[in-house]
Amino acid sequence: MTEEIEEKQPRNISEIISIIEALIFVADEPITIKSLAEVLEEDRETIEAAIEELRGEYEQRAGGLQLREIAGGWQLSTRTEYHEEIRAFLKTRPSAKLSLAALETLSVIAYKQPVTVPEILEIRGVQSASAIKTLLDKRLIVARGRKETVGRPMQYGTSKDFLIQFGLKDLSELPSIEDFEDLIQ
Amino acid sequence: MEQHQTEQLTFDFFTETPHITAESRDEIKLELGKFAGPLDLLLYLIKQEKANIFDIPIAKITDEYLKYIRLMKKLDISLAGDFLVMAATLIEIKSKMLLPREIFEEAEEEMEDPRKELVDRLLEYEKFKSAAQMLYERSTVEQAVFRRGKIETDENNTETSATVFDLLTVFQKILSRHKEEIQMEIEREEVSLADMLKSLRKRIYETKELNLLAFFGEMHTRRELVTAFMAVLEIVRTESVKLLQNTTFGEIVLRKV
Amino acid sequence: MTEEIEEKQPRNISEIISIIEALIFVADEPITIKSLAEVLEEDRETIEAAIEELRGEYEQRAGGLQLREIAGGWQLSTRTEYHEEIRAFLKTRPSAKLSLAALETLSVIAYKQPVTVPEILEIRGVQSASAIKTLLDKRLIVARGRKETVGRPMQYGTSKDFLIQFGLKDLSELPSIEDFEDLIQ
């Protein structure tokens, strides 16, 4: 009812850190520097410095949680060390692994995106339709428009869920495909 | 082929990676897993032979490859057509390698090694295979990391965020729901082969060319599809209509000649 | 294959605290001392002492989060001081989320546009009025004039926002039945 125009006290850095921690906790997806900066009405640099400090804190405490950069944002998660106890408590099993065919198809899509079904066939030497269907169902890949060529085939690329499920900050974190060449011989 | 007698073959299709274990000197146990494709099988055979990928003993590898295919068939395991395509490729390369050298020498330019294209494909494929391994390891590590449980502000939503493929999947489901209802109401009249042939002929003569997949897609029931298929075989056999495929894996069209 | 009976190292207190923190973090509801004791196979006293220590840590840090006893269990939550920022953030969250009814209706409109309410009813077999309202509110669909037929019903089609949200350049990029058939063989 009363729209007060409050003179905001400038926040100190430890307050900013606390708010960031609360927001990262509340967000159900990795939260970006950009949206933190918008909500807090602070500049990127301040946010980045605050996050760096917070990340250091978590690292030093070495408690049950960690602060990680993932899929272009920041997220709190448990440390890998305690997965057995957590699984026992949640009564879950590790989720079904992808088949060899699906993993291969995913690696082609990850490195060649945007890529069409015939292009995937070319590299893998085998039809990949059911693997693509699985990857779409698991939301690891998404349609990325059509290729302007004969038949206008659908193109595919990896999704944000792909980054999250594979623990990647962004696609550039993937080792370059040429690096694998050295491993082969 | 005396190794035929000493080979004891056991199959375990649940193991992801195939391997051979030599249990004793004359007993080789071959465990064939699910190969991800013909290139995968080929790489495996090359490693098995400890062969140099840049100098593949093509005759030997081809024999091994065909042996595997035959075994799969004997065990009644459905083979993807791609495995057969590769078999044909190998046989082709093998026969080129057998050509007398003089033929090459006569040619002005030096003949390219018939294996080159295959080697290039294998090398390219192997990179992605290694990348797949890396992804596998990453996801395993990531499965040990957990995100927070539900909190109040998550609002108990049973909603999901949708992609374009969700739109299509959902639409398909609605249509099939719909179709079932209709089919319960009306008994569809079956199309005879003669009728099918007549309409197919009309279509081809009108348009000169007909996309086979699209034509089959118009069929409503399995029976109609079978009839359509028979009509295509019949028209190709009896009339001046050809089945054509422009690229190796391209679409198949019927064309009047 | 080899079921190893491992002699478990007794955990030290800081390890127990870390595991408790991780478990509280992943739990959907306040977690009781009893169930913590069960999962960790430790006695109540140990768990209680560990929680007390953890609670003290959170209090001393005075960060964005707090550990609270609530409804007979323990839970992590944000500190009340930051509720304004949290509310501001929650409001900015994009909601591309749709109920199944809305998604079904949207799919019919996307593939059959322009389409009227009676036509949607015919295809879906259920009334879609509230779903249509939701879609209009979310600006995913727009009215496209009236159909020149009995009752002149309003026709609907997808909007520009629809294209943006689903990452499409234009409607021709919608996957077709054929694209899909390639995948489900």
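Chains: A, B and C, in written order; residue numbering restarts at 1 for each.
Methods note: a contact is a pair of C-beta atoms (placed from the backbone, for glycine too) under 8 Å apart; a residue touches a chain by one contact, two chains touch by 3 or more.
Computed from a predicted structure; not experimentally measured.
**Q** Based on mean C-alpha positions, I'd like to know which chain lies farthest from subunit B.
**A** C
**Q** Mind having a look at which chain is the central one, using mean CA positions?
**A** The chain sitting closest to the overall C-alpha centre is A.
**Q** Find the geometric centre of each of subunit B and subunit C from their Cα atoms only, then give the gap between the two centres in Å, rounded to an integer.
**A** Subunit B and subunit C have C-alpha centres separated by 37 Å.
**Q** How many angstrom between the C-alpha centroids of subunit C and subunit A?
**A** Taking the average C-alpha coordinate of subunit A and of subunit C, the gap between them is 16 Å.
**Q** Please report how many Å separate the Cα centroid of subunit A from that of subunit B, as a whole number.
**A** Computed value for the inter-centroid distance: 32 Å.
**Q** Where in subunit C do residues touch at least two different other chains?
**A** Correct list: 22, 25-27, 76, 86, 90, 167-168, 173, 175, 179.
**Q** Could you list the positions in subunit B whose residues touch two or more of the other chains?
**A** 146-148, 151, 153, 163-165
**Q** Can you check the complex and tell me which residues of subunit A touch subunit B?
**A** 25-26, 28, 75-80, 83, 86, 90, 94-95, 97-101, 103-104, 106-108, 110-111, 118, 121, 123-127, 136, 139, 142-143, 151, 165-168, 174-175, 177-178, 180-181, 183-184
**Q** Provide the residue numbers of subunit C that touch subunit A in the complex, in ascending order.
**A** 17-23, 25-27, 35, 39-40, 57, 61-65, 76, 78-79, 81-82, 85-86, 88-90, 92-93, 167-169, 172-173, 175, 179, 182-185
**Q** Would you tell me which residues of subunit B are touching subunit A in their complex?
**A** 16, 34, 36-40, 80-83, 86, 121, 123-132, 134-136, 138-139, 141-148, 151, 153-154, 163-165, 249, 251
**Q** So in the complex, the part of subunit B that touches subunit C is made up of which residues?
**A** 146-151, 153, 157-172, 174-175, 177-178, 181, 213-214, 217
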